[in-house]
Amino acid sequence: MFAAFAWTILAAGSLTLLLALGALVLASVLGLALAYGKLSRRRWLMRLVQGFTFVIRGIPDLVLMLLVFYSLPAAINQFLEWTGSDLWVEFPPFWAGMFTLGVIFSAYMCETFKSALQNIPRGQLEAAQAFGLHPRRIFWRITLPQLARLALPGFTNNWLVLVKATALVSLLGLQDVMFRAKGAAEATGQPFTYYLIAGGFYLAATLVSTFALLALARRLEQTNQAGRT
Amino acid sequence: MNWDVVVENLRLYAQGAGLTIWLTLLSLSAAFLLALPLAFLRNSRSRFLRRSVIAYTTVFRGTPLLVQLFLVYFGLAQFELLRGSFLWPWLSSPLVCALLVFVLNSGAYTTEIFAGGLRTIPKGEIEAAQAYGFTPLRAALRIFIPGMLSRSLPLYGNEMIMLMHATSLASTVTLMEITGVARNITLNYYIQLEPYVAAALIYLALTAILVAAVQLAERRFANFLRLDH
Amino acid sequence: MLRLKLVFALSLLAAPALAAPLNIATDATFPPFESIDANGKLVGYDIELMEAVCKAAELECNIANAAWDGMIPGLIDGKYDALISQLTVTDKRRRVIAFSDIYSHPTFRFVAKKDAALHISPEGLAGKTIAVQTGTPMDAYVTAHYKQSTIKRYDTGSAPYLELTGGRADVHISYQAQIVHSFLKSESGKDYELVGPELTGKDAPEFGEGVAIAIGKRNTELVEKVNAGLAKIREDGTLDALNQQYFGQ
């Protein structure tokens, strides 16, 4: 009994990690775009992004998840119905959860990328432009490697927060680690045992990520220095 | 639209906001008092003390708040010994459990923020205190704590907002704060757009007030740091 | 009705899949009616009943777990096609959703510790703590009639039992079949017993008319199909066999 429940909880780790990784990709891409928007010389764009990040960061993750998971589809479908359209939008729970987390963390990634972009030495970009490099090449060869190095500490931190935030999807009925732990706790009447297992899973996930990303940071630092000499 | 439902229940929202504010302020003060000495121990010369604090902050920062809350609220009830003890009248209250978890959780983050602030105090200030023959207590009160707090202010302000948002999880252990009120309304009126939007707006307003307060404090207490650079 | 599967909100993928399976939601925190077993699989009386109905009515069904607080609104908004979760038919719910024919008539009971010696009445439970699942008929009943008691509400059907065994609640009220065939049978329920009168919709309107499958209000076609399926499994003995298997009656 114990082994079976413990195993189901840990097996749900794949869903938790998949959810977190998917959200991370979305948050990074969206976050980078938002960071460029925030640094844009176009005032309306900058204001728009600023408003977006303030709203996202001003509302608790749980409430945002309830909003995007429940209220947004309801609003879209009510609107579609009002327009007399026969369309009906459907959000499969796993994707909706991933999308929600991705959007929330894009606001945090935006801040991280923004300050990293600001700290890329101007001279390097100017030199590249002087060489007549194509803007796309400048992005891939100069901006992105520098951005990766400068944004890594903030990125690591966002990832750790994101992994832990995935536990909230259990409240939306998605069967992640936390949901299974809740099920096991309620079925056996041994909540401490099974929540401890869930806690152990998250701690292991955050510790492994921390060490892995630290090692990565060290490597990036080394290659960067090697390139300089 | 069903905004009349929100209007009908405005009193509940006001009570919920009251509980949110109360939970935030109480946890914030207790976490502050907990983190103050721990930040010094985190930088202590004794390896044992240092490692103990690191173990505490790692565990509480490495697991989701929801797990911690369920572990304490539902989990502790698993132990008959505890249920019979003099502690149970307190531990059986959802309010006490939620406060305990919020304080321990926020205390862990705050400890690391303050400890980081301590490490950035210039050597010269410490030497000056020694040269003046300050007692350790006087040095702490006049040099270390003010220096640490003013240097930690931006990050600590962020943590205050995070903690206020974290209190939204109290709804999962039967406490009717803002999120709890909104969830209860969706369950009784079968609508899920307006109640959550209303909750989000209240959080947004509270966050805006908190942000303004932190900025005011920064201007008042940490302005000299800008002149440093 | 045309259906869109929204994979990412960014890429509105128009896939008019008319033959898509029906989305049926259940709150799997209510054994033995619906729960998730140690292997992570949906099991229970309602699950088997729904599968039998779908088979009999030749419907393609996809039963999935959902959080209780999103279920009825999700049905109203068209997120789900139907709900099976021991939903009682009440006037309040009829106003917003439709129901199939009733497939069982539940009895509601209180459950408490064996030596608690509680008298089940609004006066007897004055000052005591009652645990219920939020938004259920039991919640509506105690909210209306037990005004002198503290009512603690939970978002799942199983959490109140943890509160009962944890000593945080004095009594819990739920479906008698759930209490008997899940909690009292378990190791943690051995010191507990049913208390108070057997309650049904005849005793209080909050308890409704009986249990049915909930369906979207405009989806009359599905109501008819599900009713046909229900009639079929009633005739061919599948329903009796299920009752026998789960409740020995």
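For clarity, chains are labelled A, B and C in written order, and residue numbers in each chain start from 1.
Methods note: a residue touches a chain if its C-beta (ideal position, glycine included) is under 8 Å from a C-beta of that chain, and two chains touch if they have at least 3 such contacts.
All values derive from a computational prediction rather than experimental measurement.
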Item to check | Farthest chain relative to subunit B (centres taken as mean CA coordinates) | outcome: C
Checklist outcome for this item: Check: interface with higher C-beta contact count, B-C vs A-C, is A-C
Checklist entry - subunit A to subunit B: how many Å between their CA centres? => result 23
Checklist outcome for this item: subunit A to subunit C, mean C-alpha position gap in Å, rounds to 35
Next on the checklist: Please output the residue numbers of subunit A that touch at least 2 other chains, ranges allowed.
Outcome noted: 70, 74, 78, 171, 182, 185, 189, 191
Item to check | Residues of subunit C touching at least two other chains | outcome: 70, 73-74, 77, 155, 159, 162, 165
Checklist entry - Which positions in subunit B touch two or more other chains at once? => result 74, 77-78, 172, 183, 186, 191-192
Checklist entry - In their shared complex, at which residues does subunit C touch subunit B? => result 68-70, 72-74, 76-77, 93, 96-97, 134-135, 152-155, 159, 162-163, 165-168
Checklist entry - Hey, which residues of subunit B end up touching subunit C in the complex? => result 74, 77-78, 83, 88, 92, 172, 174, 183-184, 186-188, 190-192
Item to check | subunit C - residues contacting subunit A, complex | outcome: 1-9, 12, 23, 27-29, 31, 35-36, 38-40, 64-67, 70, 73-74, 77-79, 155-156, 158-159, 161-162, 165, 186-189
Next on the checklist: Could you list, by residue number, the parts of subunit B that touch subunit A in their complex?
Outcome noted: 58-59, 61-68, 70-71, 74-79, 161, 164-169, 171-172, 178-179, 182-183, 186, 191-193, 196-197, 199-200, 203-204, 207-208
Next on the checklist: Which residues of subunit A touch subunit B once you look at their complex with the stated criterion?
Outcome noted: 55, 57-64, 66-67, 70-71, 74-75, 78, 160, 164-168, 170-171, 178, 181-182, 185, 189-193, 195-196, 198-199, 202-203, 206-207
